[in-house]
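Two complexes come next, and they have one chain in common, chain A, joined by chain B in the first and chain C in the second.
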Partner chain A sequence: MNPEILIALPLLAAFLLPAARRIDASVGIWWGPLVVLANLVIAAMAWWKVQLIGPQSIALGGFAAPLGIELRADHLGLSAAVLLNLAVLLLWPRETPDKARVSTILLVLTGAGCGLAMSADLFNLYVFFELVAVATYGLAAANGKGEALIASLRYLILGALGSALALLGIALVYAKTGTLNLTELGGMSEALSGPAGIGALVLMVVGFGVKAELFPLNNWVPEVYAHTESRVSALMAGIISKLGILVLLRLIAEVFGGSPGLEFLLWVGVLGVVTGELAAYGAKDMRRVLAYSSIGQMGLVAVALALGGETGFIAALILMLNHLLVKPALFLIADAWPGSLKALAGKGRARPLGAVLFVLLALSLIGVPPLPGFWGKYLLLDAIFTNVTEGAGLLVGLILAATVVEAAYFFRIAARLFGSGEAAEESKIPGLPAVAALFVIAFLALSVQTGRVGDYLKEVVHGLQPQELRMAQSDFPDPAASVNGKGERL
Partner chain B sequence: MIPSLDLLLALAFGNLGLMLLAGRNPTAGLLSMILYALQGWVLVMLMPALAEGAASGLAFQVFGWSLSWELNGLGWFFAIITVGAAFFSAWFAAGAWGVQGTRSPWAFHVTLAANVAAMLLLLASRDLLTLFIGWELVTWAGYAMMIQSGGPATRAAYKYLIYGVAGGLAVLAAVVLIQVQAGGLGFAAVAAWMPGISTGMLWALMLLLGVGFGIKMAFLPFHRWQAEAYGESPGPAAAFLGAISSRMGLFGLLILLVHFIGLARLDELLLPLIGLDARILWMWLSALTIIIPTFIALKQNDARMLLAWHGIGQGGYMLLGVLVGSELGVAGGLLHVFNYATYQAVLFLVMGAVVYRTGTAHLDRLGGLITRMPLSYVAMLFAIIGLAGLPPMNGFVSKWMVYKALLDEGLPLLFVAAVIGTLGTILSVFKLIHNVFLGQLRVEHEQIREVPFSMWGPMIALSLIVFITGYMPGLALDLVMVAQTSLGFAALDYHLGGFVTDTGNLNMLAVVSVLLLGMGIGAGIFLLGGNKSKRVHQLDNYAGGHFLTTEVRYHYSHHFYAGLLRLIGPWYITLIKRLEGGIAALTDTLAAGSDGLYRTAYTPILMLAATVLGLALVL
Partner chain C sequence: MNELLSIGNLLYGGAAGLIVIGLFAVVARRHLIRVLLGVAVIEAGVNLMLVAAGFRPGAAAPIFDPQAISGPMVDPIPQALVLTAIVIGVAVLALGLTLAIRIHRQYGTLDTVALTRIVNAPAGSPESRAMMQRGGGGHES
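Coming up: the complex of A and B.
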């Protein structure tokens, strides 16, 4: 089956849902999950096809690339599509006054997300990104609570302004090059090496960074994650934040490799790591701790992305994958406990399994070998020492100091969980939620098979650039020059 | 079963799995003892294979790096002490202690097995990546062991964790830096690359790795975490941790300073302005690590804290000895690792037994236990003589070797520093045995009995080792030479009773024989020449002319060495403690600031600022 169905099917289903629901009210309940399940199967089949015959380019409606719309069914896009469908299905919200409305939102999110993952031109990326954004504004307010509405409004304002800036950036790119197709843009990087191109990159980093939880565009994160249902927080922290990164990854790998504008992304990432981990250390309730920790992790991803090169991109991917599996599981496990950190005392003793897994997952975020988070951090440091010649010590120092802070707050929580406290009300504390268990199993599989996943990620990164470009360049452009060589910019 | 590294690791991890499943079973202690004994047997059988290195068949490929393990002589030496310490700790916990002495015997057995497995993995590393993996596993396994008794142990373990994570990340940074610069991580490749690097790079690596490894060893100025963390652990856990855990830091430092950099290169590394070379700097840090924690130990009122502070100080002798670089010094330093492990384990086990019976280790609330727990007393007596470094126990031999090596190499000031440390040790171990076992028994302790065999057995067995390896140090030197030659030093000329060097020799067989002969003559004169002593009851006593009734106990323990402490009290400084507090306060402040940043109401302003600043930065 053709990959474009991945976009069409959920969007069509979302469109039909309000009508279908009039026929029978129960449609609102099963319609959404069923369609996403079907979409997941299609995505998995398409993914498998790419494994067999390699990446393909699809011209929608038969029009060739510069004029028509190009979709790219490559390793990265279809992996992201599979993971998105899977995550949406597993983390389907429960606490909501109107199930059908949430179904519509999630179907739009799924379709737009799949489109975003496969788009090969900037305009479509922007359109799908905007669709995803609109869906998440609704999702953030889905439980209908007042706090969630306010948080969602905060998110909406920031997101809308960001989208405007991103659109401005895209317009600049179009003005300079006359095309928005990524493959074509890849060959015109010299046209984008001037101030307009660099400025465009900064504007797009700011715009897409809102969703990717980049500093300082992420003030919505703690508010939204603290007040939505834990499944929605898990979904947003787990996969939707990665969609923002995905856009940046494609842009940097294919068009802006080596641009001086990446220095901005680098420092935004470092500041995100430092402020995120520090704020998590200062936070008083579990949801905020996890939200801030998410900011810190996305900061690491941004640093890896800014450094680029094969090592940097693989580091970014493995950090994202680790976070994608770990953070939803943490949100779901923590859901069984009281929100305030003070009230956690002794809760781990009543049902130790959840608490032990919480600690294990936290260890991976901290980066303890042999868990996957360790390999991500290792590769990140590798990329820093390889690509940055000046100030590498400062960068590494800041990131590692933030990691110490990360260990400090996670193990303050762990000590509370296993410390003495009133563990009497055992019956009230549920065990491990089934969905959390699934995420944990996936995480364990990743831990055991890190070697194989690493090989696959290498293939993903190699597939990022179009074939002919890869032939021409022996390796990716060396971003060392961009980060340090201030003299050569413009 | 053919002894191999694979079998050793399989036994260690099998033990971990078994304890996870069956750690609650009353026979778990016995089972793990058998498994530790088997691991010890495998290690002994591996001894002939060490020259070529005992490689493991395990291999993993991750991101283009291949992970594999191989045990060499140095690792083997530490491994045998690790497994031995685990064996005796498991023995102590196998019987009554496991049933009544701890909150969870399962937690103890599991964490002990995890520590042993992690340490063996670390000691068998053949490149920096496996070293780092082992390093982190040891750190976290140690944390799990420390945290098990809850309460104050949680806080102590938390502090350990912060130090441990910071140290581990320093090591990680160095490992990645070496990988990027040298292009390889194998120990041999790194050692071959090191001579060509610049002085600045060498300092950077030495700082990162030295801080990382030094933290584990509680090397000055990172000494503040260890005493609490070890002291608050339950008895046999403290014995195991005290005996071997921080020696993993020494293992790392030996690889760094001796194997990678080399003592000759350390001599060439001059400190700016002062003109001292790096080797002397490390030696003086070792000497300070001996003196300062030892005198902090003197002040302690909790027996376990007193012992744990000593443990930090004793580590200084080991590094000091090795850094002397002569055959005698290296042998002395490494022998001290073994000797120290034996008596430190006894001391913590004895205090574990005392806590098991009395419920306290507070030095003001004990006394006179010699009449109730005579076997524990004998074990502690043997061990404190060893700790103080007096003949005929093994601690004397290794300290003597370090002293002699320092004098032979013309380092008299360091010798004086080492002796000052020993002086502090003698003072505080006397305080320890006096306050716990001598003097008058407290009323509430009249009913207690000696601990059962499962607990005194390991104490007595270990204290016999303390004596025998003091009487015949050649037995322990057999093990030490494996490590010494593996590190690239020439072997010491030794025999069963001691050693022979150009400048003198030591024969403990003669020393101990003369000592025992003298004691025998004295006893003979005393007994045959008319024993005029009269037995009086412990409580038949008076003070300053006043008779004391049996209700008033007269055991002087509070404010021990008040006079001495009045003299040296002002010398204790709290600089590091304040620094710790300062860093914690700074983190809190920054955390509050960051939290505030994310709570701002006018979020678009930040976005605007970011855009403008970002454009300004790159354009």
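Coming up: the complex of A and C.
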């Protein structure tokens, strides 16, 4: 089946849902999960097809690349699509006044997210990014609580500001090159190495970085994650933040490799790591600790992306995969311990399984061998030593210091959990929710099979610049001629 | 034509001006509706910038007409992009204003400093409980 169905099916279902629920109210409950399940099957089939016959380029509506809009069905895009569908299905929100409305939001999120994962055209990336963004604003407010509404509105303002900046970056790229197709732009990196190109990259890092929880527009993260249902926080920290990074990954791997603007992304990442971990150390409740820790982890990913090269990209992908499995499980397990961290004393003995797994997952975030988080950080340091000539010591020092802070707050939580305290009261929340158990199992599988996953990630990184697409580039008409013979204008 | 005052430069200058005005509103204003309007002004600036990227002096509008004079046309792609961006901007602004209305009904304020205090109050603190009760009352009425 064609991968474009991954976008069309959930969006169509989302628009039909408001009409269908008038006929039968129960539609609101089963329609959404069923469509996402079907989409998951289609995504898995498309992913398998790429394993068999390799990446493909799809020209939407039959118009070929420079004029038409290109979709890229490659390893990266379809892996992301499979994980997105799976995560949405597992983390379907439950605390909501209107189930049908949340279904609509999640269907839009799924369709737009699949489109974002496969787009090979800057403007299409922007449109899908905005669709994902609008869906997440709705998701953040889905439980209808006052604080969640405020957090959602403040998130919307930062998000809209970021999108405008990203669009400005896209406008700069177009003004400079006259094209928005990533493959075509890949052959014109010379034109984007000047100040306009660097400015465009910086604007897009800031803009797309809002969703990726990157410094500086990430104030929304603790506010939103503290006041939504834990499943929504898990979904947003787990997969939606990764979609923002995915856009940057494609841009850097295909267009901006070696651009001086990557220095900016590097320091955005370092500042994210340092501020995130320090804020997590100072946070007073569990939700905010996990939210700030998420900012720190995404900062690490940004550093790895900025370093680039095979090692850097693989480090970024492993760190993302580790965070994608660990953080949702942590949010779900931490459901049993709401409120202040002080109230944690002795709670671990009432739910030993949940507490032990919480500590194990936290160890992977810190980067204790042989857990996957260790390999991510190890490759990251390796990439720093090979790629950075000046100031590598400072960079490594800052990242290791942040890791020590990270270890300090997680050990403090562990000490409280297993320390002495009043006998824990009985609670209806299970120590280990079933969905969290699934994430833990996937995490353990990743820990055992790190080598094999690493090999696949290498293939993903190589697939970012497929040979046939590179060669087809010369077949494109001269880019200056394709836009009414204008060429450069800035 | 005077190089500095060409229409292209006017467009770029106008775009930059709108973006600066909008950024000022976002950074310096405390009322959330003003902040939202600031974001809308920034978007207008960015859209103008996109249109400017496709501008050519003396060119015709990009409407296909066999009878028209066969001269140069303005680049149509940025105009198609701007149409999409305007629609997205309107939708996001509408969603933001909807949220603002619901927040105002519940808390009676749209002052960003007051709202930050509510959002950042630790769970179970007197402040958050007082706000919750007020909020609950407002919601029912």
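Assume the second predicted complex is superposed on the first by the 461 of 490 C-alpha atoms of A that agree within 3 Å, B and C clash if a C-alpha of one lies under 4 Å from a C-alpha of the other, contacts with A are read in each partner's own complex, and residues count from 1 in each chain.
Everything that follows uses one rule, which is that contacts are C-beta pairs under 8 Å (C-beta built on N, C-alpha and C of every residue); 3 or more make two chains touch, one makes a residue touch a chain.
In this text, all values refer to a predicted model and were calculated from it rather than measured experimentally.
When the two complexes are overlaid on their common chain A, residue A:147 makes contact with chain C while staying clear of chain B. Judged by the touch definition given at the top, the superposed model places A:437 against neither chain B nor chain C. By the touch criterion stated above, A:8 is placed in contact with neither chain B nor chain C. In the superposition on chain A, contact of A:34 is made with neither chain B nor chain C.
Residue contacts after overlaying the shared chain place A:360 against neither chain B nor chain C. With both complexes placed on chain A, chain A has more residues touched by B than by the other of chain B and chain C. Once the two complexes are overlaid on the shared chain, A:157 sits against chain B and chain C alike.
Overlaid on A, the two complexes show chain B and chain C touching the same residues of chain A, namely 154, 157, 161, 489. Interface of chain B with chain A (complex): residues 60-64, 132-133, 136-137, 140, 143, 147, 150-151, 154, 157-158, 161-162, 165-166, 169-170, 172-173, 176-177, 179-181, 204, 587-588, 590-595, 597-600, 603-604, 606-607, 609-611, 614-615, 617-619. The touching residues of chain C, when paired with chain A in their complex, are 19, 26, 32, 35-36, 39, 42-43, 46, 49-50, 52-53, 56, 72-73, 75, 77-78, 81, 84-85, 88-89, 91-93, 95-96, 99-100, 102-103, 106-107, 112, 115-116, 118-120, 122-124, 128, 131-132, 135, 139. Those residues of chain A that touch chain C in the shared complex are 123, 126-127, 130, 133-134, 137-138, 141, 146-147, 149-154, 156-157, 159-161, 163-164, 167-168, 171, 174-175, 178, 180, 223, 226-227, 284-285, 338-340, 483-484, 486, 489.
Here chain A touches chain B in the complex through residues 154, 157-158, 161-162, 165, 195, 198-199, 202-203, 205-206, 210, 215-222, 260-261, 263-264, 267-268, 274-276, 278-279, 281-283, 292, 295, 314, 363, 366, 368-370, 374-375, 377-379, 381-382, 385-386, 393, 396, 400, 403-405, 407-408, 411-412, 415, 418-420, 450-451, 454, 489, going by the rule given at the top.
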